[in-house]
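The structure appears below as structure tokens.
Labels run A, B, C and D following the written order; every chain starts at residue 1.
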Amino acid sequence: MMTRKTGIAGALSALALTASLATPAAAEDDTFKIGVITFLSGQAAESFGVPAWNGGKLLVDMLNEGGKLPAPYDTVGFGGMKIEVVVVDEAGGATKQVQEFRNLVQREEVDAVVGYVSSGDCLAIPPVADELKAFTILYDCGTPRVFEDNSFEYVFRTAAHATMDNVSLARYLKSRDFDVPSFAGLNQDYAWGQDSWADFKGAMSQLYPDAEEKTALFPKFGAGQYGTEISALLREKPALVHSSNWGGDLQGFLIQATARGLHKRSQLVLAAGDHVIPQLQDKMPDGIFLGARGVNGLAANARGGELKELTDTMWTAYEAEYDTFPVQAPFRMWQAIFGLKTAVEKAMADNGGTKPTDEQLAAAMSGLAWDAPSGRIEMALAGGHQAIQPNAIGTTKWNTETGKMELVDVEYYNARCVNPPEGMKSAEWLAQGFPGAQCD
Amino acid sequence: MDLVATILVDGLIYAGWLFIVSVGLTLVFGVLNILNIAHGSLYAIGAYASASLVGAYFAAGGDAFPYGSYIAMILAAVLVAVVLGPLLERGLLRYFYGRNEVLNVLVTYAVFLILEDVMKLIWGVNPYFVYEPYTLLGTVEMGSLFYVGYDFAVIAAAIIVGLAVWLTLNRTQIGKVVLAVIHDAEISQTMGVNVKRIYLGAFMAGAFLAALGGALTAPMISVTPGLGVNVIIVAFAVVIIGGLGSVPGAAIGALMVGISRAASVHLLPEAELFIIYFVMAIVLVFRPEGLFAKTQARKI
Amino acid sequence: MSSGVLEVRDVQKTFGAVTAAKDISVSVPQGSIYSLIGTNGAGKTTFVNMVTGYIKPDAGIINFGGRNIAGLPPRQITRLGIHRSFQIAQLCNELTVEENMLVAGAIHGQTRPSFLRRSDDAQARERAMATLERFDIAEHRNRLIPELSGGVKKLLDIAMAMAGETQIMLLDEPTSGVAADEKFPIMDLVINALRNEGVTVIFVEHDMDIVNRYSERVLAFYDGQIIADDTPDVVLSDTEVQRYVTGAPA
Amino acid sequence: MMRFSVFTYAAVGFVVLAAGAIVLPDWAMFLFAMALAKGLVCLGIVGMMRGGVVSFGQGLYYCLGAYTATLAANFLGVSDIFLLTLLSAAVCLVVGLVFGPLLSSYRGIFFAMLSLALSMVLYGSLSKMSFIGGTDGLNIGAPTFLGWAPEGRPLQTALYLYVVTIVVISGALMRVYFDSEQGLITLATRDNELRVEYLGASVRNVMAYNYVFGALLGGIGGTIAVLALGHVDPEFAFWTTSGEFVFVAILAGYLSVPAVFVAAIILELVRSFSNLYFPNTWQLALGIFLLIVIVALPGGLGSLVSRRKGQDT
């Protein structure tokens, strides 16, 4: 009996030992180590995680080489430091991510963490980041709750939150004075879908107070089969069908909906629909209104302006590397890395050129503004921790000559037109009819 | 088209799909007494295989005879069954016969995890599309609604599959042998039945049906990673409701789930997410072994 | 009606088309030893199963200790003092002989089974060993069930049933699956042990020598009915019994 | 043979585990704390395994406990760790007492599937409740210990020692229960229900007891897990979560209590490292590890160190 217990005890201490030994050394002072967390498996891998990191890898290589990009991004790495990366799969839920975050910070001793597509992870990580005083950038996730319910010292989100997407859709309808007697929704049955629908409803009730709200469908995430939902939508004949679906769920819905002529009966508006264009190509029907959660993908390509050189450099590099054009995800990864570069170099300028601490990074990052292919990013909300950025909505049109999908009738929205002002929750902002919005 | 009719048609279409993906599961459990979580992976692999094969078919100028793509789809399912069936059954599962059935659930869960990544290694993360078979049969107008002809083809396929399985089991020699094995493998063994071959055959049939489900679904979706996980629990619910190992049970279970889901989408969209588990829980409370389960008294 | 008397009146049981019990009526006095004979399917085991609650009679009364126990669950009937053994010994194969006995002891202990008291504390083991010795299987105490001979399994099966306050013991074919040369020693052991405690015994048996030697009274079953209820010599010489049950003159 | 009291073992276990607070680096201490918390849930499953059933729905109580603690903290302002633990334990006890009798008449795959269905219904309901975060879940602040509110490493250490204490206490209690008369009857039930019924014990009660204990341990485990994580979401009740608990229980086997926690720690380490070293194929690695364990240790880790020869579950 005794031996049995000591056997277990031995096993335990052995485990403890392996655990304590397996701690690699911290990054050198001439390299800057980032932990990148994004989806490498599961549904979000093909639509967000993998393209985002494809773009990220590309940019990190270009930066480490140096001189590949127009000023101010023509310097090597981050302030001369080479960029080193550890990638972790975001699949597996918030519990796993909190553990992985601790491992990255405490075991891998990364200098900064850049990651998180899932809103659940974005809510779970910040408290831990502050507890560990670890500089962290949320690069993709949409939920406004992150900074509206709490405030964090070491956590920043370099992309605008999801309210922008649906406000822009409503504004687009208005500015094209599209008649909306009634509208319905089909969104994935989890927070992203539920919140998007709520935001869209909120925006519509301001801009189209008389529009009748019809059925709001919430098929299970990853359902694949939308036959029943489509029947419901066909029966109700809403003038407009809103969907924030993404990835396989959006592709499946579009394939099945177009086969049954839903797009002929109702105008489809997609909050984040651009990223399925490369896969669907001409199977994506013409005349769909869609956004890209920012001036990303085709909208950025079509924009021109003073950011044209930067955008085209990244665009062509990406197309050359992966022979498909970059959709929204890489753009958000890029704006995160450009932001981090700007922050690091600002901090080094202040501290005399040494590798910045997490505190110095946080100080440099808050309230920062920088240029990215997706436009000017401003950390304008939540005390300089939450970015706002311009947005664009367009209409799909297949170009038979070039055999490419184009975005026509694109409308660009000033960041302050589609994002709530500092100190106001997006829900209130919608309810009060966008006070302080600057559109022109 | 009035609501009830719509609900019935939608429910029927979904039930047809459900039946195809779950009948294989119930068959495998009936014979091997293994509740196969990897069924979901086989479904996903079937979808990938059919997407690739149909893609290749059209690339090879199949437009001349597009209906050939249906043959390609079935071929894909056969391929999956022939390759993976023996590999999994002979290579792994046979070592767990007679072991605790919950342990076996874990074994297949491990297989599921492995196959998830294997699929990624083979097909990558980018989606595969093959719409041609989906749009090939045109649309059917019912009242104010349009349905895709393909949806009804799936119902037909489900009926054919159901009849085929039921007839094979109840009207053929091999079927009688299988039923004997289901009833008592040991006795059948002593009576000279090659139980090994029956097990292999049953598992391959199950794998084929799972893959067929995927193959038939592929044209209406984009085939992406994580496809399998969503199917498993639904299929589980169906076979548990119908009674493990019962083919008619799977049919009834599929109909119950299909129609209650359709009803909830049309009448109470909020409930859709867990209507399936709700039905399952209710059924189990009143029929602990499922609707069509055979309970055998114990000799003392 | 004094306790210990088992009074069965007009009990009926049919399984679909098969009649397993038709107007079964019998009264078993305290301390007597009955045997049940009959061909397979004659209704012997059905009788045992109905008395011990495995099967619920369609109709009729089973009186014991002044109350009708027909249809009660086995658990409660056992608690009333009616215990049984099984054709196939019902033991816990993952446990040792002693542990099997301890299980019986734990359930039959004076107090309710405890969540704290060790199942193998000295007192409990003492009690278990005592019973094992009474049935002469103590030397097997540390062996697992599958290693045991048919005879030992039977004895343990009976010993476990005897761990509690037993008033009536029904033995379902106590010698089936027992080597020929073990049959009589085992019956001696069991019947003596039970008789010493004044337990009423009802046993199902195919071997007429055993019936003859151990039972005070015999119930002959045929087609779900009792066709004879008398002392062994009378029953075994009954021509009807010979035709339908024993098959040959005794 | 000579017996040491269970308390001796408890003391040894406590010393060994508590040593972790000194030798372990931060990340590992957190990993161990999570593993031990999950181990508690698995201990509940092991208790049921001794009765012959395995619950595929312990996520129900893991999640229920976690949400109870979180809601109590966020809406009632309770932050004391002891109070929170008691609260969730109480809630899970009540729910366990409701479902226990219902489930006690199910066996094998049906018990597994019905318990799974129940936890999936909770998952579905929580996913719908956007007012408590829906699928995104909720955050919970750091707990206080009888008024003491540590931060950083002290907080982690305090949490770790707390879970260690709970683990040792519940481990010891379960051991006492396993070795008790009732515990032996449970083993007999797993083996031969008919015999147990004919000895005059109620098999359904046996099952119900184990289920309720499982519910309690699940709730406590969930509470500690959420306090360590700082975040809860419906995933806690998802079937894959429950599946992991079952795996740990199988890996441990039903013979040794400490084995349960060793198994839980091993799984967390394997997962964490495979996830870092094979970011693209960690599921593959985990699956292979699972198979190896099942094939190599049919009786679980416990069978390596326990006298009775192991069984499947």
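For this structure, a couple of remarks:
Following the convention adopted for this analysis, a contact is a pair of C-beta atoms (placed from the backbone, for glycine too) under 8 Å apart; a residue touches a chain by one contact, two chains touch by 3 or more.
Because the structure is predicted, anything quoted here is derived from the model rather than measured.
A comparison of C-alpha centroids places D closest to the centre of the full protein. Highest C-beta contact pair count among chain pairs: A-D. Here the spacing of chain A and chain C, counted between their Cα centres, is 75 Å.
Chain A and chain B have Cα centroids lying 36 Å from one another. A straight line joining the Cα centres of chain B and chain D is 33 Å long. Chain C has residues 90 in contact with two or more other chains.
Among the residues of chain B, those in touch with two or more other chains are 116-117, 120, 270, 273, 300.
Contact with two or more other chains is made by residues 127-128, 194, 280, 282-283, 311 of chain D.
Here chain B touches chain A in the complex through residues 1, 3, 6, 9-11, 13-14, 17, 116-117, 120, 125-127, 129, 131, 134-135, 139, 144-148, 150-151, 217, 220-222, 224-227, 229-230, 261-262, 265-266, 269-270, 272-273, going by the rule given at the top. The touching residues of chain B, counted against chain D in their complex, run 35, 92, 95, 99-103, 105-107, 109-114, 116-118, 120-121, 233, 236-237, 240, 244, 270, 273-274, 277-278, 280-281, 284-285, 288-290, 298, 300.
For chain A in complex with chain D, the residues that touch the partner chain are 1-9, 11-13, 15-20, 22-23, 40-41, 86-89, 92-96, 98-100, 102-103, 105-108, 119-120, 123-124, 127-128, 131, 143, 145, 149-150, 189-191, 194-195, 198. Listed in rising order, the residues of chain D touching chain B in the complex are 54, 56, 102, 105-106, 108-110, 112-114, 116-118, 120-121, 123-125, 127-128, 194, 239, 243, 246-247, 250, 280-284, 286-288, 290-291, 294-295, 298, 311-313.
If you check the complex, the residues on chain A that touch chain B are 40-43, 45-46, 50, 189, 215-220, 222-225, 227-229, 231-232, 234-235, 237, 247-248, 251-252, 255-256, 259-261, 276, 279-280, 283.
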